[in-house]
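In what follows, structures are represented as structure tokens.
The two complexes that follow have chain A in common; it is paired with chain B in the first and with chain C in the second.
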Partner chain A sequence: MKLKDKHIIIPFLAPGVLVTFFFIIVPLYMAIRLSFFHLESYISTPTFVGFGNYIRIFHEPSFWNALGNGLFYSLVSIALQVVVGIALALVLNEAFKGKTFLRGLTLLPYILPTVVVALTWQWMLDGTIGVITIAAHKVGLGRINWFETPRMAMFTVILVSVWTWTPFVTTCFLAALQTIPPDLLDAAKVDGTSAWQRFIYITLPVLKPILVIIILLRGIWMFNKFDVIWLLTRGGPLGATEHLPILTYQKAFQTYDVGGGTAVATISFVFLAVVVSIYLKIFAREE
Partner chain B sequence: MVKQNPVRKIVIYALVVIIAIYSFFPIYWMFISSCRSYRELFSSYSIIPGPFSLKSYENLLSMTKYAINFKNSVYVAFMTTAITLICSILAAYVLTRYRVRGRQVVLQSMLFTYMFPPLLLAVPLYYIFTKMGLVDTLWGLIICHTTITLPLGVWLLWGFFKAMPFELEEAAMVDGASRIKAFFLVVLPLSLPGLLTVAIFSFLLSWTDYTFGLIILSSDVHKTLPVGLATMVGAQDMGWGEVMAGAFLISVPLLIMLVFVSKYFVEGLTAGAMKG
Partner chain C sequence: METKRRVRKSRGLSRRKFLKIAGAAGAVAMVPAPFVHAKKNLTLRVINQEPDPNTLKFFEKAFAEYEEKTGIKVMLDTVPGGEAFPKLAASIKAGNPYHIGNMLVAGNIMLMAGEGWLMPLTGMIKRIGMDDFGPNILFPMKGEVWWYPYDYNFAHWFYRTDVFKEKGLKPPKTWGEFVDCAKACTVDKNNDGIPDMYGAVLGIGNGQWVDWLGTGFMWAEGVKFFDDDWNVIFDGPEMKPKVVAYLKFFKDLYGYMPPGMTQIVWGDHIKHFISERVAMAPYCGRFVHHVDRYAPHLADKFGAFAYPSSDGSQFAIGHGYDGWVIPKTKQAKEAEQLLEWLVTEKIVDFYATLPVHYQPTRLSIYEDPRWKSLPMVQKYWNVVQEMKGFLTRKDIVIDMTDLQGPEIDPRPGKISRKFVIPTMLQNHILKGLPPEECVDIAANAMREVMKE
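After this line comes the complex of A and B, so read on.
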């Protein structure tokens, strides 16, 4: 039966394959190709420069700065998302009234458009009239300049990123938590274990496989994330929050260094692919 | 069940309140800022809403291209969703029901696209679009969005069709229905939840996208909501009231969606549907 009606295979596959070929595979090939060329603009004729763009970029301090910032930003924000995500999931897994409602509420930060998230936080963190700035002032923290200094700007973009992307982690953990039989925890309680012991010996092992996947996915996404940082700081001040996606954008669309931009994008893709395969080697073996 | 002690109960409810405020306050603040009168906006920090004024909304709609941006966003999101659904339904169905050569390659590359820096695709797409005359057009943007949503759709529906018992179509086909007929009358209606998940995520990704819009669109009449709103910040005559009004209006369709289809949303999320 499976082999009957073979004539539908090609027409059914064609639309998807064509779109994928022309708008994903061909552009990908072109991006890598363009990184070996020099272009004055998007309409000029490319001239071949070999590894010229790559050599140039490896000599730019801004590249190493962006790589470092990107790594710091992704590692810290993933770590915080995981910690906050587990905490939220543990609370949401308890029995209380209005549970379904609260679960819906905690998803809100995640479904809001990044633009809305960035602008709302900018408004709340405004240096003179932002509600959070003023609240912080009233409780004695002084006037915080959220975006002014390099260190604070990095802190703020991480804060906003954690707020908006943690619900993904919470949802995944919550799904995993629900696979723990309540009887098991109850039995452990009767045996006189502490809440902390139950968390370490029962809950955490259940979360581990999903944790491995979440760290991987979130790591990839955070490393590639462009919009939230761009909207909040434009990479500033003094390049303090500039990471590889912003560097790519600035090169490709602001200075029209198309070759340089594609080279940075290619480098970050290769870098990511290497890190991901090492990560999978370490953790996939354990599964 | 071991009985809960009252102290523990109080602690849990306290945490619940904290979580609710943490998740909801920024949205609440956005809303009450959008409908606060202009003078109060910069002097009142009261968390109680009011004094009310619709001035920000009036300014937003009369002084900017917000209505046109809204229309653009709706068009792009619906087109992206439609194209994604059609392509991914057909492809995923064939990939699960026939032994197509290179099937594994297709699936692996779908996962692989997860790893692309969006800008790695955006730069060459822009380059291609300059030659095709698609820069600064809505169709250029629809194509960009489809590059993200299509792999996702195939991936989700692949799992969905695979889990659907093959016997159902076989029964229909034994009864004389052609493969096409069995597909439309048996497979599609049964896979409605899966299709809904793909539709929700395609719409969401397209509706909320800022990055591709920023790159592809440049003239105000072609901008989608996120790009249009971002350019309003710092523009003359535009205050935070108008910006928050715009932000709230973008969010409304998503809030409605969350109320009605959060079940599919959560399912899709745990199936790794959302990239971002």
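After this line comes the complex of A and C, so read on.
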């Protein structure tokens, strides 16, 4: 770097570095540090317990339940978001009347605040007056208890999550699809390829880099997703939708077990960092 | 010349005399100066968890009046209900404590008192009159009272008097009657397979409202979590049959509740009632304000009753107190003066902001003509009398999860925050586990909490 470049780069870089340091690195350090202390109810003097909190957490069934729930929730909702997102992007990439309007409409769930989404779905799935519940009842599906059994509660939070965040995936794929030269697809058509072959051999390779990034981003976001699950189920019933972020919150802010809560958050962070590194290594090698 | 000068000296104001007087005056002026200066610049910080707009307006007005009167400025920080404790504790740990705070959960208050963080308020309570306070509210520890409780927040049941009358029902006095009432009130008017009105609402999801609103039946039945040595007796020979019966009763009642009982939170219990989806709902006096504000057509169509025991021999109320504490600071004396002024001279004005919601803790308030003449108190006189009766009736037990054990301790509060009771209910009602097993699981969870 030239000296005169430094004078330009440093002032631009400094705010970002300072914000990252004070609002990400320092809190992260403090959280990790707290996970090695026993701190009760924000009151007692923290006592160093080494890996005591971690050992305790690893022995708690609620931790393994939360880890399993988090993995299931994120894997299933990402898979559905990608499949539905690609399907929608392919449809919206075609030429038809009202395409622009429909593209705008598709983005709507993503731009709505999560609180609005969660409350609206709660009303629509209400057991007595919910429009979806009544519709399901009318078509002979009986009265569905969307949140009252562990399986249904997980299904419902995945359903709401897919509805909310698929538009992001659709938009990214749609942008990628528009980079495919129409001539290429026309040439393939002339060569007698089927639509499926064109998708597999032309479209999908174009989508692959964006697919890798989307799975990575959505994986991190879904694994850490707190708001929608908390608003819909608070981790219940019977811990069926309790995942690591909810367990962290419950420990730190509801039972005031600050050491335990930060230990769960640290484990979650390390787990995610390891998975992301492996994922990136695999795809970097393929590249 | 000499004589003239002497005369002038003796009659007039010599330079020396002037300097003496000025010096003395200055010294006199200097003596109270730091005090006045300190008062003028003193700001007391108050953390408040009563977010009602009327209450906030009251604080704003009262603190402005106090500043005018004393020169002491009062700053108010308001947080959602129940969230004052971590913020107050953090402010103390950070070395910049609030001077006054209102809080719930006695265990947390005693925890802070135990750490030596709070000022004892025994003197103030005695000046006001210790005997004036109602039962089970001062929670003394080590011979001192550590808070000024201002609200009982009793959880009890409200019911639709018109629906009960139409069906020939009376407020239930046993668990059997309770289920019968709920059954009779569950009606599918248009025969579409979905009831239009259900018997009762009572959340069983993960939340502390279950400990507040759903445990009254257990307290009426005489259930206790611990013996006098803090051993868990919840699954012991005396308590287990009572809790098993409670679970069976709850499951029966659940059949007459609307769907979504794992979803609802605090205020949803009221919403179910004012939207006429249920005939019975538990809550505290805030319920009355919601009915008055959002469903005035129901204003003369509801009554109140306590949680019955299985055989009707005893009744219970879910405790849900709120109170003021004063952390130890250099300005603790000034903070106590402010609090004493608030709870003596302004207490009725404070109650007037939500007169039926805030259930006074001092018996004399109920006789205060200013309180009695508040329009809401007048309008809902019968309900208010029923609520007042909870304080004086001999057959009423006032209890809650946080107060379990031989003395006030923060650990029972943890049982509440770890959702032990909601999980027990969910295990039986949703998962279908035998009630005996659900009680064992809950008791073991309590033991885990006590180990911490």
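Here is the rule we use: the second predicted complex is superposed on the first by the 265 of 287 C-alpha atoms of A that agree within 3 Å, B and C clash if a C-alpha of one lies under 4 Å from a C-alpha of the other, contacts with A are read in each partner's own complex, and residues count from 1 in each chain.
Operating definition for what follows: a residue touches a chain if its C-beta (ideal position, glycine included) is under 8 Å from a C-beta of that chain, and two chains touch if they have at least 3 such contacts.
Predicted model only: the values in this text are computed from it and were never measured.
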Which superposed partner A:Ile43 touches (first chain B, second chain C, both, neither): both
Between chain B and chain C, more extensive residue contact with chain A: B
Partner chain in contact with A:Trp196 - chain B first, chain C second, else both or neither: neither
First (chain B), second (chain C), both or neither touched by A:Thr106: first
Which of chain B and chain C A:Gly235 touches, first, second, both or neither: second
Which superposed partner A:Phe253 touches (first chain B, second chain C, both, neither): both
First (chain B), second (chain C), both or neither touched by A:Thr149: second
Chain B versus chain C as contact partner of A:His137, first or second or both or neither: second
Residues of chain A that lie at the interface with chain B and also at the interface with chain C: 42-43, 122, 126, 134, 253
Sites on chain A touched by chain B in the complex: 1-6, 8-9, 11-13, 15-17, 19-20, 23-24, 26-28, 30-31, 34, 42-43, 88, 91-92, 94-96, 98, 102-117, 119-124, 126, 129, 131, 134-135, 163, 165, 167-168, 171-172, 175, 182, 186, 189-190, 217, 220-221, 223-227, 230-231, 244-245, 248-249, 252-253, 258, 261-262, 265-266, 268-269, 272-273, 276
Chain A partner contacts - residues on chain C that touch it in the complex: 85-86, 89-90, 93, 108, 111-112, 115, 117, 192-195, 198, 205-207, 258-263, 277, 410, 414, 417-418, 422-423, 426-427, 430-431, 452
Interface residues, chain A side, partner chain C - complex: 40-44, 122, 126-128, 133-134, 137, 143, 145, 147-150, 153, 232-239, 250, 253-257
In the complex with chain A, residue positions of chain B that touch it: 1-2, 4, 12-13, 15-16, 19-20, 22-24, 26-27, 29-30, 33, 42, 45, 47, 83, 86-88, 90-91, 93-95, 97-100, 109, 113-121, 123-128, 130, 143, 146-147, 150-151, 154, 170, 173, 178-180, 204, 207-208, 210-211, 214-215, 225-227, 229-230, 233, 240, 243-244, 247, 250-251, 254-255, 257-259, 262, 265-266, 269-270, 272, 274-276
